[in-house]
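See the structures that follow.
Common to both upcoming complexes is subunit A, partnered first by subunit B, then by subunit C.
== the complex of A and B ==
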C-alpha cells in the first residue's frame, strides 16, 4: 500500500495529463461538431474527418512541407551539433568560456529567439539585409518570400537547436574513457581513424537518442509559424502541426484539427520506430537518456 | 619545421571556425540587448545604412518603462507565481514517485515505470489541443489550474530522483526504520535532505520549462490577466510590430533570468538534462 501512496500524485498526473489526452485526441477526431442555429451538436462520424482530408489539397501540401522540413532540418541539426561538439573538445586556454558562449541559445526561449530573428530578417530595415548589403548583395525578402520563409525558419530553429543537442553530444564525448584514445594513438591511428573507430561507436547511443528526440521535437515545431509567418506566405511554412492548430483555433473545426494531429502523431511514431529499427543494433536496448 | 607549420595552421583554422560560429551565436543576442536601450528612430537610423553604431548599446531606459506600462509587469508576476508553484509541486510529487520506484518492489512496478518513461517521449505540443479540450470539460480552462497542474508530473524528473535514491545505502534507511521512523519520515527527513544536487538540477529544469512555455499558456489561458511572459512577448510582436525597442526590452528581460540561473547552476543543469555527471 505504501508505495502506491507515494506514487499516486505523479502517476495520476502522468496518466490524466500526458497519456489520456492522446486517447481523447483520437476519440474527438471521430466526431463532427456542427453549430447550426447556435446550438452545438456533436455527431459521431467514424473516419469521415479523415476521408475529407484525403481530398483536401491544403492537407496534402502541408504534409509535403512537413516531409521536406523533416528531411532537411534533422540531419542538418545533428551534423552541425556533432561537428561543433567535436570542435569544442579541443584543448584551449579559452575553451570553458567558448563553450559557455556557444550554449547561450539554450537559455533563450524559442519565442524570444523567434522575435529577435524576425526583426533581424526584416526585409526593409533588418540587420541581415544591412550586413549583406555591405558585401554588395541586394536586400532579400526572407520571411515574406514563398521560397525563403521555410529556410529562415530552419535557420532560427537550428540556431536554438544546435546548442541544445550539442549539450548531449558534448556530455557523451566527455564520457568516453581517455584510455581508448591513448590506446588508438599508440597503435598509430590517424585522427579520422580515431573518430571512425573510437568516437563514433562510443557515441552511437547518444547520437541515436539525439536524432530521435530532435526528430520528435521538429515534428511539432510551430512557434515561429505562430509568431512570424502564420503558415504563409502562400502556405509555404504551413506544416501539419500548424495546420492542425489553425483548424482548431481559427476555424473551430476540431474534428479536422484532431484528425491532423492524430495523423501527425502516427507519422512521428512510425518515423521514430524506423530510426530505432535501422540505427540501433540488435539486442542493444535503447538508451533512454 | 613543416610539421610545426601544419600544426599551427590547423590551430588557426580552428580559431577561425570557432570565431565565425560564435558571431552567429551571439549576434542576435548582442544586437537585441544593445537596441533595447535605444529609441526606435535611433535603431532604424543605425541600420539604414548600416554602421558600427548598430552594435553599440544606447543609454535610454524608455523602452523598459514603456513595456511595464503595457502590462508586462503583470505577466512577469504571473510567470513567477506559476513557475514557483510548479517547481515546488513538481519537485514534491516527482521525488515521491522516484522514492517509490527506488525503495519498493511492488505489483506492476516495471509496467508503471515503463508508462512513466513513455510519458516523457510524448511531445507536449502534440497533446496540447486534446488537453485544451479536456480543460474546457473539467472547467479549468482559462484558470491558473490549467497552467500549473497538468505540468507537474514529469517523467524525466521522476527518473532523475529514482536514479539518485537508488544510490542511498539500504542500511541507512533500515536503521531509520528500526528507530521507528515512518516511510514518509524516511523520505522527508533522510532521503530528501540528501538529494540537494539532483533537486537543484530538477528544480531548474522545471523552472525553465515553465518560464519558457509558450504554446500551452497561449491556448489554455487566453485572458490577459493570466498571460505568461512568453505569451505577452508574442503579443507585443504583433500588436507593436513597429515598436522594435519595446520588443527588444521585453525579450531581454524574459531571457535574462533563465540565463542567469542556467549559468549559475550549469553543472547541475547539464547533469540533470543529459544524465552525465559533470566534472
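== the complex of A and C ==
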C-alpha cells in the first residue's frame, strides 16, 4: 500500500493532466457541431470526422510534411547535439566560456528566436541575404519559397534545440568512466574505435532518452509556423499539429481539429514505441564489444 | 473587545457588499483601439459608475480569443469588438445577442449610416452597432511618378485610374536593385482589401447567394482574372515586393521605396511627419469593369454569455452612438465614420476639402458609392482565413487556378456545418 501512496501524486497528475485530456480529445473528435438553421447542435457521429479527414488531400499533404520533418529533424538534431557535446568534452582553458556560449540559445524563448530569425531571413532586407551576397550568391526567398521554407524552419528549430539536447548528452559523456578510454588506448584503439565501442554503448540510454524526447517535441513544433509561415507557402510547412491548431482556432472545426490531434497522438506513440523497441537495452543492435 | 470585533466584521462585510455591488465589465478590443477609446471609456466609468476592464489583443489573437471564450461559453466577457463581416458568424453561433431592445427609444437610422446598419445586422436584427467605417484610396509618390514620366492619378470620377494604368506606371518606377517597387497593397494578401479585384472583374464577393456555399463563386472568370493579376504583379512584372507583411507596407511607402500605394484612409496621418511628397487619388478599377472599393470596419457587440448584458449594452451604446467618439476617430485617426453626425462633420468642415484632409472626403465618397460589402456568410471566419492564405500562396508563386480551386473545395467543405 505504501508504495502506491508514494506513487499516488504522480499517478493522479498523469491521469488528470495527460490521460484525461487525451480521452476528452478523442471523445470530442467523435462529435460534429452543426449550426444548421442557426441552431447549434452537437451530434455524435462515430468516426465520420475521421472519414472526412481521410478524404481531404490537405490532411494527407500535412501528414507527408510531418513525416518528412520528423525523418530529417530528429536524426539531424541528435547528430549535431552529440557532435557538439563531444567537442565540448575536449580539454581547454576556455571550455567553460565556450560551453556557456553554446548554451545561449536555450535562454532565448522560441517565439523570440523565431522573430529574430524571421528578420534575418527576410528576403528583402534580411541579414542572411546580405551575408551570402558577399560571396556572390543571389538573394534567396527563404520563408516565402515553397522549396526553402521547411528547411528554414528545420534550421531555426535545430539552432534552438541542439544546445538543449546537448546538455543531456554532455552529462551522459561526463558519466562514462575514464578508465574505459584508458583501457581502449592501451589496446591501441583509434579515436573512431573509442567512439564506436566505448562512447556509443555507454551513452545508449542517454541517446534513447534524447531521441524519444526530441521526437515528441518536434511532433508538436508549430511556433515558427504560427509566427512566420502560417503553414505556407503552398502548404509546404503545414505540419499536422499546425493543421489541427488552425482547424480549431481559425476554422472553428473542433471535430476535425481533435481528429487530427488524436491521429498525431497515435503516430507519436507508435514512433516512440518503435524507438524504444529498437534502441532499448534488451535490443542487441549496439553491443559493447 | 467583542464590540470592536463585531464592528470590524460589519465594516468588512459592508465594504465587501459595496465592492461586489459595483459593476465591472470586461471589454475585449484590438490593440489599435486602446488609445482612441480609453478616454471615452474613462468618461463612461465616471458617468455611470460601471468599471470597465479593457483587454487588448492583436488582430488575429483577438479573433482567436473570442472563439476560445465562445466555445467555453465564458461569462467573464461582456463586450467585444466585432469585425463587420463576422456579425453573421457570431450571431448564428449565439456569441453576440440582438441589440435592438437597447436602442428601442431612438431610431438607429438617425444615428448610423445605412451601410453601417446593414453590416451590423443579420436576419433583420441589429447585433453589433458600428464604431467606424473604412475607405480605400490610391496614394502615390509624386517624385517617383515624375521621374518615371507617369501622369498622376486623378481625384475626379471621370478620370479614375485603372489597374492597367497602375501596372504600366509601376513597371517604369520599379528599380529592384535599389529596393524601389512601383506598387504595393496596404493590406497585402487580405481579403478585406483584395476583394476589390474580383469584384471589379465581375467575379463577386466569392460567397454565393444565400451565404452557405462558394461553389463556382471563387473560381469564376472574375476571380481567375483577379488571381492572375495578383500573381503577375508579384511574379511576372515584379512591381510588388514579396516577403513584405501588411504592417510594413505603409513604412516602405513612407520611406519613398514605393511608387503607388493603395490603402485605407487611416494611413494618411502616418506620413505627416515625413518629407514624403505624396498625393491621393480615387481607387483603381479594371478597364471596362466595375468600380469597387473595400469598406466597413469594426463594430461592438454584447457578449451573449455575459451576466451583465444591460451594463454591457450601455457601454456599446455610449461608444457607438456618441458623435464625440466618431468625430475623435475622424480627427485623430483618419478613420471613416459610420455615425451620421461625424459624416456630416466631414462634409461640412472646409479643411476636408484640401490636401491632406481631402483624404477623408474622398474615402467617404468611395465608401458611400462603391463599397463592396464583404461576403455575407456565417462561415466568414473560415472563408476569410482560407482566402487570405490562398492570396498569399498566389503571391508566393502558386498557380492561381489550382490555388483558388483548392480554396473553394476547402471552404465548401467547412460550410457544411451551416447548411
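We take it that the second predicted complex is superposed on the first by the 266 of 289 C-alpha atoms of A that agree within 3 Å, B and C clash if a C-alpha of one lies under 4 Å from a C-alpha of the other, contacts with A are read in each partner's own complex, and residues count from 1 in each chain.
Just so we're on the same page, a contact is a pair of C-beta atoms (placed from the backbone, for glycine too) under 8 Å apart; a residue touches a chain by one contact, two chains touch by 3 or more.
Bear in mind the structure is a predicted one, so any value in this text is a computation, not a measurement.
Novice: One more residue to check, A:224. First (subunit B), second (subunit C), both or neither?
Specialist: neither
Novice: According to the contact criterion defined above, which of subunit B and subunit C contacts more residues of subunit A?
Specialist: The larger set of subunit A residues in touch belongs to B.
Novice: Just subunit B (first), just subunit C (second), both, or neither: which does A:161 touch?
Specialist: Neither: A:161 stays clear of subunit B and subunit C.
Novice: Looking at the overlay, does A:52 come into contact with subunit B only (first), subunit C only (second), both, or neither?
Specialist: second
Novice: Contacts for A:123 in the overlay, against subunit B (first) and subunit C (second): which applies, first, second, both or neither?
Specialist: second
Novice: Would you check which partner chain A:254 touches, where first means subunit B only, second means subunit C only, and both and neither mean what they say?
Specialist: both
Novice: Of the partners subunit B and subunit C, which touch A:98 in the superposed model: first, second, both, neither?
Specialist: A:98 sits against subunit B, while subunit C stays out of touch.
Novice: I'd like to check the shared interface: which positions of subunit A are touched by both subunit B and subunit C across the two complexes?
Specialist: Overlap of subunit B and subunit C footprints on subunit A: residues 125, 249, 254.
Novice: Under the touch definition given earlier, write down the residues of subunit B that touch subunit A in their complex.
Specialist: Of all residues in subunit B, those touching subunit A are 14, 17-18, 21-22, 24-29, 31-32, 44, 47-50, 54, 92-94, 96-97, 99-101, 103-104, 106, 109, 112, 115-119, 121-123, 125-127, 129-131, 133-134, 149-153, 155-156, 158-159, 183, 187, 208, 211-212, 214-215, 218-219, 230, 233-234, 236-238, 244, 247-248, 251, 254-255, 258-259, 262-263, 266, 270, 273-276, 278-279.
Novice: Taking the touch rule as given, give the residues of subunit A at its contact with subunit C in the complex, in rising order.
Specialist: Residues 32-36, 38, 40, 52, 56, 58, 122-125, 141-146, 230-235, 246, 249-254 of subunit A touch subunit C in their complex.
Novice: Under the definition above, what is the set of subunit A residues touching subunit B in their complex?
Specialist: On the subunit A side, the touching residues are 2-4, 6-7, 9-22, 24-25, 28, 84, 87-88, 90, 92, 98, 100-113, 115-120, 125-127, 130-131, 133-134, 159, 163, 167-168, 171-172, 174-175, 216-217, 219-220, 222-223, 226-227, 241, 244-245, 248-249, 254, 257-258, 261, 264-265, 268, 288-289.
Novice: Help me check something: in the complex, which residues belonging to subunit C touch subunit A?
Specialist: These residues of subunit C touch subunit A: 64, 67-68, 71, 91-94, 123, 179, 241-244, 378, 381-382, 385-386, 389, 392-393, 396-398, 403, 406, 410, 413-414, 417-419.
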